[in-house]
Structures are given as C-alpha cells and as structure tokens.
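See below for the structure under consideration.
Just so it is clear, A, B and C label the chains in written order, and each chain counts residues from 1 on its own.
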C-alpha cells in the first residue's frame, strides 16, 4: 500500500514536470499504435504482422525486393548467383556495422542461417527457414547457402523473412535476449522494449547505403492499444500520429475529417470458403457433390461484400491465390451471383429445400456473418460457430469442417507456392484431397523453369475453380490513417515501413 | 381492565396481513416499476414475431447503418439498421428473448444447484456443511469472468454454452443465502415438530423448510438473473458470448462498438435497453426484499 | 485464536490447491496448445515441431504435477507466447492491476462510506434517495458501456482525460471510476444498513443520553462499529475486482494482468493463463483469510464458530 501511494505521488510529480506529453513533428517522434501484443521482437520467434514491421525496420536481409517494381536488389549482399540447383553464392557488402558496433561479415550470415535452419532451435515459422540446409563461409565477404531441395522461391524468401543477425551477440543473447535488446543492421535501432506493450526505435545514424533508403523520422514510439476506438480517441487527442489496419467504415469517417490522411492499399491476404469435398466430416456430407459446391459459389454476392464491407482496393477473386502472385493463373471458372441458379443446383443435387450445416469462422465476424446470410437465403441453413483460431485449426486438422470461412496472407510472399501448395497437397487442412491437383502442384513447386511452373499452377488452379473446392471471395486491404504532419505512401504488402515516412 | 370490548375488537380486526402486504406492495414505487418494465419486456419477448416490423436476420448490404428516425432516418427502420443492414428495432425485440432466456435459465440452473447445496448444508450440518462451505470457497476464489471466457473460448459461444457456463458459475450466492436461511429455520418449533412426528427428511425440507425460505430465494433469483444478463453482455463484448447472427443485446453493443465514435446510437440503444432490463430486475428484487422483510428497511 | 487461524489457513491452502487443479485441467481442453503456440500462419510442420519441443504428448497428470511442484517454488515456467518467465511477466503487469485495484477500492470506499453514513442519518431524505439512485444505476449499467461512454464524453468531446495508457495518474482516473463504481452499491448498502442498526442500538441511545456531541456519537461510536463488516466486504470486493478488471483493462488499454489473461486465453498461452488464474484466486483467498482473521480479532464470538 505504502509503495503504491508513493508511486502515485511520484507519478503526479512526473506529470507536473513533464506537462502533457504531446508528441509529433515538434519533437521528431512518430507515435504509432499496434493492435496486437507482439510476442518477441526476434523476428524468427514471432509470426505476426507487427513482427514483420519491426523486422524490416531493425534488420536487413541479404536481398531486398522493391515493393513497387518487385525488382530484387542487393542489400547486405551486393550480388548473388546460383552455383547449381542447390547452392547460392553471395558477395557481401563491406563496411556495414551492427547497432552495437559489431562488424558485419560472412560469419554473421553463416551463424544466422545455421542457427535458424536447425529445427531444434525452434524458429517459430519453420516454413520461412526450413528450405535452407546450411551456410558456409568462402572468405570474409563471400558466403554460400545450401538448400535441402530445389526451391525456386529462395530469393523471394531471402528478401523477406530471412534477416541477418550479429553472430557474437546472438550466440550470447539467444532469442530471448534478442527479443529484449534487439541488435541489427537496419535503419532503426531499438532503444526500449517493454515486451508486448511498448517499443521505441531511434534512427540509426550509421545506416549503410541500402536500397531501403535512409531513415528520416528521428524516433518511433510504438504502443499496443487493442481497441480501435481507443486508438482513434488517441489519434483525436493528438497522442498518436499514425494508426493502421483501420476498418473500412471508420477509415471512411476519418478520411472525411480535414486533419487526417487515409491511405488504402491492398494486401496479399485473401478470404475464401473451404468446402468439405473429400467428405472428411462424413461421406454423406452434401459438399461432396460438386453441384452443391457450385451452388454455394453462386449464392454469395461477392461484389456486394466488397462494395459494402471491405471497400478500398479489395477485389473479388476467383482463383485460389492472390492475383499478383507468381503462377496465380486468372482465367478460371467464375461463378456469378445468381441465387436462383444456386437453388436450382441444390434441387438437382437432391436438396430442393436446402439443408442445414455447421459453418465456422475465426476472424472478421462481420464478413463471415454476411456470407452466412447469403447461404441462408438459398436454403443452406448455417449454424454459425465463431471459434478461437487454435480451436478451429484443431477441429480442421482432426476431422475437418463442412464449410468454413478462412483467410490466408501468404506471409506476403509473392508466389503461388505460399498459398495454393499449402492447402492442396494433402496436408491436414486440405479439404479436397485431389491427387491430380497435388501432383501438378508438386511439379510446379520444384521446377526451376518459370514457364513450366506457370503451366502446372494453371492446371491445378483451373481444376480447383472448376470443382469449386474453395470459393474464393475477395482480397483484403488495409487502411492507414495519419495526421497531416506525416507523409507516407503505403505499399501493397501490408508492411508499415518507417524508413519511408517523413514529416510534411 | 380499562379497555372496552369495542377497542379490543378493533385491535383484533385491524388490517389483515394480506391487506398490509398489498399496501406495502402498492406503496413501493421501485417494485411497481420493476414489475411493469419486466412484464412489458416479457410480453415483447413472447410476441416478438408479431411486434417486429422486419425479419431480424434479413440483411441488406445496401442499407447499412441507417440512422434511427429521431436522428433523421426513415420510418421504414424506426431505430435504423445495423452494420449489415438489418432492422435494429426487430433485432432489439428479438434480443429481449435472448436476454430473458439467458437470465432466466442461468438463474434456474444456478438456483437448483445452489439451493440444493445450501439447504443440504444448512439442514444436515456437519460434514455436509463443511463440504459445501469448501465448494463455495473454491467457487468464490475462481475469477468468474476469466473462467467463463476460458470455457467459452474452448467450446465456442452459443446460447446453450453461455447459459450452462453462467448457470454453473453463479450458484454461490444461492448456496450462501439458502444455507444461512435454512440454519435459521431449522431449529424452529414447527420443524422439530415435523421431525418428531416422523416425517421423512425430504418432506420436512420440502413442506416445512422451503416455504419459509422461499422469499429469500426469490430475491437471490432476481439478483442472479441480472448478474447473468450483465455477464453475458460482457462476454459478448469481449467477443466470446452468444454466436451471431443471434440478436443478443450484449452482442449488439459489441458490434456497434466498432462505430461508437461516429454512430453512438448503435451502442446507446442496446446499452439503454440492457440497462433498463437489469434495472427493472434489480428494483423488483429490492422491492420484494423490502416488502417481505420490512424490518430490514426503515 | 491460533487454532482458528490455523484452521482457516488449512482451508485456504486446500481451496488454492483445488482451484489450481481445476484451472489446470480446464485449460488443457482449450484447443491444441501446439496450434495456438505456432500462430496463425504456421504449417503442420511447425505445429508438430512445437508439440515435441514442449512435451504436449505426455499424460496430463504428469504435466500437472511438474507444473505444481515448480509453481510452489515460484517458477511458473516460460510463457509460450513471449518466451519469457511467466513469473516476471505477471509481476510486471500485476503492478498496474494492483494500482488499479487499490485506486478502485479507495474510490469506492471514499464515495460509498460517506454516502452510506449520510443516508443512514437522514433516511428517506434527498441524499438517501440520491445514494439509492447511484447504487441502483451502478448495479445495472454494463461496465464496458460505462467505460466507452466515459471515453466518448471525457476524452473525445471534452478532451479532459487521456483515453488510454498508464503514463501518469491522470491516465488512471477513468479506469478507477469505472472499476470502483461496481463495488460502490454493495459497500454503500452495507454501510447504510450497519449505521441504521447501530444508531438504533441501546449504547448509542446511552451515549446520546449522556450528552455526547452528535459528531462524537456518529464517528466515535456508531461508524466504528458499523465499519467492521464494510472492511471485510471491501477486502472481498478487492479480490473480485482484481479478477474482474479484464473489461476495464481492455477498454483503456492498460496492460495489466487482467488484459494479459484475456489475451493469453486467445493465444492458448497455457502457463500464463494457469498462473494468472492461480494468482487471482490467491488474491481472493488471501484477502478473505485476512478479513476472517481481522473479524475474529475484532469480534471474539466468531472464533468459536
């Protein structure tokens, strides 16, 4: 009790001294809100969007993909070449220093790659790293990375989730130490970490001549505020300068206000219904009949969903991938909104009065609810279950679900292998179990000839659409709202790039 | 002896207990208000299909979040429409069913559990009492909201799950009150008399004890009904209550919360109905306590 | 007295053990911990790797025993989500919840006791009516609704108070009021009833008859006796409050233990949730134990019961 009242007193004193802390352009501090608590700043040990944002600010990869032109440029590496299907050689940039003064060289790359590629070390998103076998040093500024099997998307991954850590520091601090006191080569260094709730970044004065450009804003102050309303209230009161992932309706209202700028960009995330075509929930399950699946596709007014709910740069999609992804063939069967046709198909399949089914979702309740309402309208009576992500995943892994609303963001990897191949190769989340599709995808995933890859992805995607294993709905978008003091143009990969921000 | 037969007669005749009760009931504004509002909401819930102007589930994505008529909307949707273009008034009317259903059944389940435990503890005493007291302590020590959240997160929210969870979590007050009431009644002459003439235990409890503690029970029922309704709303607010598209008032607040800063009526309307309902139930409970036990309030 | 304390202590420990067992088993049903741990974008390979890494494939009773024996030494394991020791995580967040709880109960006591006293001195007066009105409102208003409305009025429209955060004491004003408001009705009713009771008793009449000043009668004699049950109620309410601050913490973005608990449920962060349920229960158990002892000390009749 005593210490608490003491605390209250100290706090009051601090307030009087500091005055109301209104930040922003005047003190070169950009105040940003995160919605989710980030588990660990160490980018190999988190799997959230917030983690990617910090990763791009604090660390660098060997390669950089220009988010606008999609062109690969050297970052920590200056050049690279394929020695064979399984070996990549990199020439490294000289004179780069980590935030703690450690010099960057081949040892750092070797240590980082060997550490994260070892499954025992428990990197959280194995998919990002498990294609690498090991790395070896050739000389101080030359390094080779060996792959487990041919992996055409290697450069894409190296420009994304694989960032390079300082070997001496990481060996000592490990993921926990790295999470609490991150050290990288990136444009911003971390000066303060309160796990999950507060992060402060400062401009790294010695940042190398990177394709990311030089940081302009001096200080970034990030707080976790879970409630969107609270975020907006803070934005109004001036203690936040930028919020993102703002729902469409609110963004519309904020955009109408003079003091804010709303920028909208598409993301790689898509929403879809997955139908139990393989009969995992029971052989007599109606969704094993292709006519029922097509009826579902005809029943949902996707244009209305996009126009009324998602808005912005969202698009109706018909393919089981995001259109910009490599191999995402677009010329497939499209099911226009036609409830009468849906009813006719249901009748043809032996359900003239429709049927009742369990319907699952784990996020975006609004969208899921609107979709279920469209299904109800043609006679597919849905029992809505909104579950926690883990509970739904477990259910889907064990016995499948008749129909569920799912989304997938492909880790922002611009390749169809990051989505289609994840779900149609007999994994536990594969609700269709089509051998032909699996075999085509196997060819497409491992071929090194881009044209052959395209051809086989197209085959697989055409059959998926034709059979309506999935009913692809729409692509997502993100709204960034910031005060007029801030200048920022978001990129279509849902990564908040502090290095691109500046004051007006 | 100075009293005459007349005054004596007057004293005896005085107001009967029934008349006194009636006088107290009709003189108690809170009780009357509670009964009136609760009765009205009950009628609304029962006749929802007749009263609702629209289907509460019919969505119209082209007519989302239309304002209520007093904020410039049209009479087509007197209370406006929600974020999926569903008629707000109709959802509110059907929502009365959900809230009363949850309050009623949760109170029923917890009442059965708590009363059985409390009466058993009070009547038998000894080990039974110790066991029940221990269970009450365990239950009180568990943080309700947290445990309810955890369970609903596991099983997924649905009307049944929420009712069961609340029913199994809110029995503590029943047990505490019924235990002490039974203790008070247990040693009264009519109970000992019934025991002496060889009535069975169940008979003694049902026909001698229960009638004498039932007024306390009713008061707790109202309190727990209100408690359950508020808890369901809190669970729905945290995203773990009943499932959409069920029009629960708590869920409506939670859905409207998204646009709270711009369309505050989306939150205000279900919030106010929730408030009025809980208020009515509480006033009813307070009133019943005052009326049946007037010595507690001067 | 010692005998009484030991008996109560034994009961408290038994209750704590039971609660720990319940919370442990409860959360093991909470979906696949490995899937939750791996996160939304994880593949089957990730999940399988995690399952082996954390030993989720072992029997539950083994895992419970291991957890309990370590918990008794203050080691609650490592958070699956943050990969930090749970004990550190909770300690850090608990200070906010405790501050909020202490401020909330102080607010409730400071408003409810005076109101209750005045209401008892002047039954059926305007103040009594007002107090009743406040308490009835407090019982019927959903806390999340109250919190949201406070933000709309005091942060958005008037711009007087910051809507979120914990930087200064000003940030605690709204959460304190919202949290404290719900403990008010019970405390006020009890104060009022207790005062009415005491004021009608013989010794107060005696004190008055002896010619003691009205203030002296009220504060020296009446309030002192009426306050005893209020103190123990406040202790119990405080225990409830700490467990019930989830809603308030999530609205005002206070990163306290309640918010941590809610988030951890969603993330299936088992060690954290288990530890938090146990910690919240312990608060309740400790507070009720203290209030039992206090009551027994003040009122010797209880010791026999």
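In this section, a contact is a pair of C-beta atoms (placed from the backbone, for glycine too) under 8 Å apart; a residue touches a chain by one contact, two chains touch by 3 or more.
Remember, predicted model here, so these are calculated numbers, not experimental data.
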Per-chain CA centroid nearest to the all-protein CA mean: C
Which of A-B and B-C has more C-beta contact pairs: B-C
Chain located farthest away, centre of chain C as origin (C-alpha): A
Between chain A and chain C, centroid-to-centroid distance (C-alpha), Å: 38
Centroid distance [mean C-alpha coordinates] between chain C and chain B, Å: 23
CA centroid of chain A to CA centroid of chain B, Å: 45
Residues of chain C touching at least two other chains: 30-31, 148, 156, 250, 265-266
Numbers and ranges of chain A residues touching at least 2 other chains: 229, 233, 388, 391
Per-residue overlap in chain B, given as positions that touch at least 2 other chains: 153-154, 257, 260-261
Chain C - residues contacting chain B, complex: 11, 14-16, 18-19, 22-23, 26-27, 29-31, 123, 136-137, 139-145, 148-149, 152, 156, 193, 196, 242-244, 246-247, 250, 258, 261-262, 265-266, 273, 276-277, 280-281, 284-285, 288
Chain A-touching residues of chain B, taken from the complex the two chains share: 57, 59, 61-62, 64-65, 83-85, 153-154, 156-158, 239, 243-245, 255, 257-262
Residue numbers on chain B that touch chain C, as the complex places them: 30, 134, 137-138, 140-147, 149-151, 153-154, 226, 230, 233-234, 237-238, 250, 253, 257, 260-261, 264, 267, 271, 274-276, 278-279, 282-283, 286, 296, 298
Chain A contact footprint on chain C (complex, rising order): 30-33, 35-36, 38-47, 49-50, 53, 81-84, 89, 92, 98-99, 102-103, 148, 151, 155-156, 159, 162-165, 167-170, 250-253, 255, 259, 263, 265-268
Touching residues on chain A, where the partner in the complex is chain B: 228-229, 232-233, 247, 249-250, 253, 301, 304-305, 307-309, 365-366, 369-370, 372-373, 376, 384-388, 391
